Amino acid sequence: MTAAAINRLGFVVVALLTLTAPWFLPLLVDSFWVDIYAEMLIWSLLAASVNLLFGYVGLLSFGQALFFGMGMYGVAIGVAKLGLGFWPAFGLGVVMATAMALVAGALAVRLTWHYFAIITVVFSLIFYFAALSWKPLTGGDDGLSFTMPPIVSIGEWELSLTDPTVQYYFIIAIVGICYALMGVILKSPLGSAFRAVKENDHRAALIGLNVYLIRLTAFVIAGFIAGVAGALFAFFGRYASASYMFYHVSGEAVVWAIIGGAGTLLGPIVGTSLLIILREELSHAWEHYLILVGVIVILVVIFAPKGLGGLWQALVRRIARPETPPPSTDAKGEDKP
Amino acid sequence: MELVIALGMNGIVWGLIIALIALGLSIIFGLLDIINIAHGDFFMVGTVLAWFVFDTTGNYWLAFAIVPILGFAIGAVIEYTVIQPIKNAAALSIVATFGLSIILQESVRATFGATPARLTAPIEETVPLFGLEYEVYRLFAALLSIAAIGCFFLFLHRTKLGTWMRAVRFDPETATAMGIPARRVYMVTFAIGFAMASLGGVVAGPITTVDFQAGVDILPFCFMAVIIGGLGNLEGTVAAAVMLAFFEGVMASFVDPTLARIGSLCLMSAVLLVRPHGIFSGSTR
Amino acid sequence: MTATPILEIDGIEKHFGGLAALGGVHATVDSGKLTAVIGPNGAGKTTLFNVVTGILTPSAGSIRFMGKDITDCSVHEISRLGLARTLQIKSVFHGMTVRENLWIAAQSRRGVFRPFTGLKACRAANERADALLEELQLTHLAGQEAANLSYGDVALLEIGIALATEPKLLLLDEPICGMGPAETERTVEKIRELSKRIDIVIIEHDIEVVFDISDDIIVMALGTVLARGTPAEISENADVRAAYLGDDDA
């Protein structure tokens, strides 16, 4: 098999497992794992938004929690304060996150590297503190909870996330659409332009690419993805809270993305899953399990600097039949245009 | 008016302590190219160690001597085990130090506990100053911070090791070629960074609370001081820390502290956007 | 002279702090010719290229490219007008394959803000990239990451990237610097061949090569133009001999 075929096979297996999880997971482990898996997928979108910026455009954002928070509050405020239905509230959350990304990005992408990382933290902190102090609207520390509106209701019949199976499939549908969207974009001319900017922004400008606009576009797409994650999480928890906008949440997303393997589409899912599974499993065994999590994070960084995604690719490359004869050192099946 | 003066002075004192911590962050940043997410926790570890010293000996003054030494040792060990293996990868350093931050916080929670504690200042007197009764310990904290910062600059400019540090930062390859033991310099730099942050913790201990999460709040502030002061501009870092804290203190006497924090963050973004290389960039390369 | 200028540089000054790197440069580059810019180190040649391509903003003066004022244009706008350039320190997309390097440069002309178009559908860029691979004889390296190429191949790839943008004028900054004799010959041949289709300005220190391939020579010293003329005129010019050739021939 070629590397691309192995990757495709792996993808199909994971997709099938994901689709059938509500049936087989309860057979193997406690049924709350279905919920945890759904939660992992939501958080993985936040990590994916970091990965889109860092792994593909070369911008390290430490403020993605801001857009997550916007999506979350859009939904919660929409339902609890404005009395919106399911879809309008969802839309409000995503639009707020994307609009915020447009405004913040227009300023932030003028800076790069350290400065960009810092200004994204600063922006997210501004709105974190704003959300904390604007209690009437946001509930501050206590958060803002709401009752779930139905997705659709026709007469007596209604479809709602209060049904766990509906909730699970709704979440994987939306998460799946987001990953598909990113997959398509990354394999388009825009995706190539992202990588060109990441590799060498001076050269990118010299071949006529508008580096600023390309970075801004990536930032807005990432904000959109993080916003969708936040909106989903609000529905999932029936609740929004300022604490999810703190920079530590952004930091965790960066860790998930890099542990999973920056620059691989599905790396964020791997990284997020690993760390959330660790959390769930270890927290029963030892109260101070976080120490172990920290140690594992450091070990991964030291021994697998390209993340688990990088390990996987190296493994695939070793067992795969090379696709084209010579390229001696590097034959990444996935990255072929 | 008295409130403005009091909070303004508190701001300056706090700014000097932050400057001490941020200088450690700045040399680690500038010399090792490590974005140290755990730096706030180094400070937190300092406050906790000070608490332990006080708890066991009943003498807070001892902490001023013991904690920086402990901090130096811990810093050296961390540099050897965590930082050296990931050298030259700034993005990885963020993740590794994030892991470090988790470990430090959780270790403190496991030993010291999750409930914040208060330390009483070793000097409890007040003096009349600008028409109000001001705590002597805060003045002492300011003086001690200034003295420590002064010693640090003397060390950097007057000792062989300090000269090596500046040389390695300027051009690591040439420095190594000239026979400077770059690896050891990195280790000492990191250890000094930890020692300074932990000394900041001892100084700040009686002013703030001892809490395993204290580092999380202080970290963005330190980074702001480093960036606004201009990356690699150590004098600028000190000035920026004091100015930011003073600004926030004065603001806090008019509006609530959270709004004051938002105000200083907005100021910070404006500076970053208008003068990304720091407000004192005229004096640096 | 009957030739029409493609590039007109009028009184360009560039100051860094108090230092004048360019002190009022006047020069024109004629269409249909290969122009060389020579001069000792620090004469301001690369600074001039940086100003022309928009990397640096001039302190004074103006630049016209094909009759259009480009003084205040940004780097990518100037590139889109048809002015391509290679850098003294070779600059390619290291983590991308050779073909991807050429492809993105070709696609850049046709717009990259197409998030829902597959790469296969970008036929023009595909054809252009493949044609360039063939022309530069890099087809066998198409799937290699640029980081794995030899120095000479990187230099060639960089010229290829510039060509992929379909330039009217190509600025080459020391294209053969650091090359061995065989690579030098290959590159010089390529440049000579290209100059029949595209206007080229070249900065080069190798005087033999310069006199061999160029139609026009601009001599710079201390941030100004010292002389300008055909190779024959330049080699006769007493100022140039004194200021530049004299020191270098020794």
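Letters A, B and C name the chains as they come in the text, with residue numbers starting at 1 for each one.
As a convention for this text, a residue touches a chain if its C-beta (ideal position, glycine included) is under 8 Å from a C-beta of that chain, and two chains touch if they have at least 3 such contacts.
Small disclaimer: the values here were computed from a predicted structure and weren't measured.
Engineer: Need the most distant chain from chain A, centre defined as the mean of C-alpha atoms.
Structural biologist: Relative to chain A, the chain with the farthest C-alpha centre is C.
Engineer: By CA centroids, point me to the most central chain in this structure.
Structural biologist: Measuring from the global C-alpha mean, the nearest chain centre belongs to A.
Engineer: Using Cα averages as centroids, what's the distance between chain A and chain B in whole Å?
Structural biologist: 32
Engineer: Please tell me the distance, in whole Å, between the geometric centres of chain A and chain C computed from their C-alpha atoms.
Structural biologist: Each chain's C-alpha centroid was found; their separation is 42 Å.
Engineer: How many angstrom lie between the centres of chain B and chain C, each centre taken as the mean Cα position?
Structural biologist: 49
Engineer: Give me the residues of chain A that touch two or more other chains.
Structural biologist: In chain A, no residue touches two or more other chains.
Engineer: Applying the document's contact rule, which stretches of chain A touch chain B when the two form their complex?
Structural biologist: 54, 60, 107, 110-111, 114-115, 117-119, 121-123, 125-126, 129-130, 132-133, 247-248, 251-252, 254-255, 258-259, 262, 287-288, 290-291, 293-298, 301-302, 305
Engineer: In their complex, what parts of chain B are in touch with chain A?
Structural biologist: Touching chain A from chain B are residues 35, 37, 82, 85-86, 89, 91-92, 94-96, 98-103, 105-107, 109-110, 216, 220, 223-224, 227, 231, 256, 258-259, 261-262, 265-266, 268-269, 272-273, 276.
Engineer: Using the touch definition up top, name the residues of chain A that touch chain C in the complex.
Structural biologist: Listed in rising order, the residues are 184-185, 187-193, 195-196, 198-200, 202-211, 213-214, 217, 324, 326-327, 329-331, 335-337.
Engineer: Mind pulling up the chain C residues that touch chain A in the complex?
Structural biologist: Chain C reaches chain A through residues 53, 55, 74-76, 79-80, 84-85, 87, 91-97, 99-100, 103-105, 107-109, 111-119, 122, 125, 140, 143-145, 148, 161-162, 164-165.
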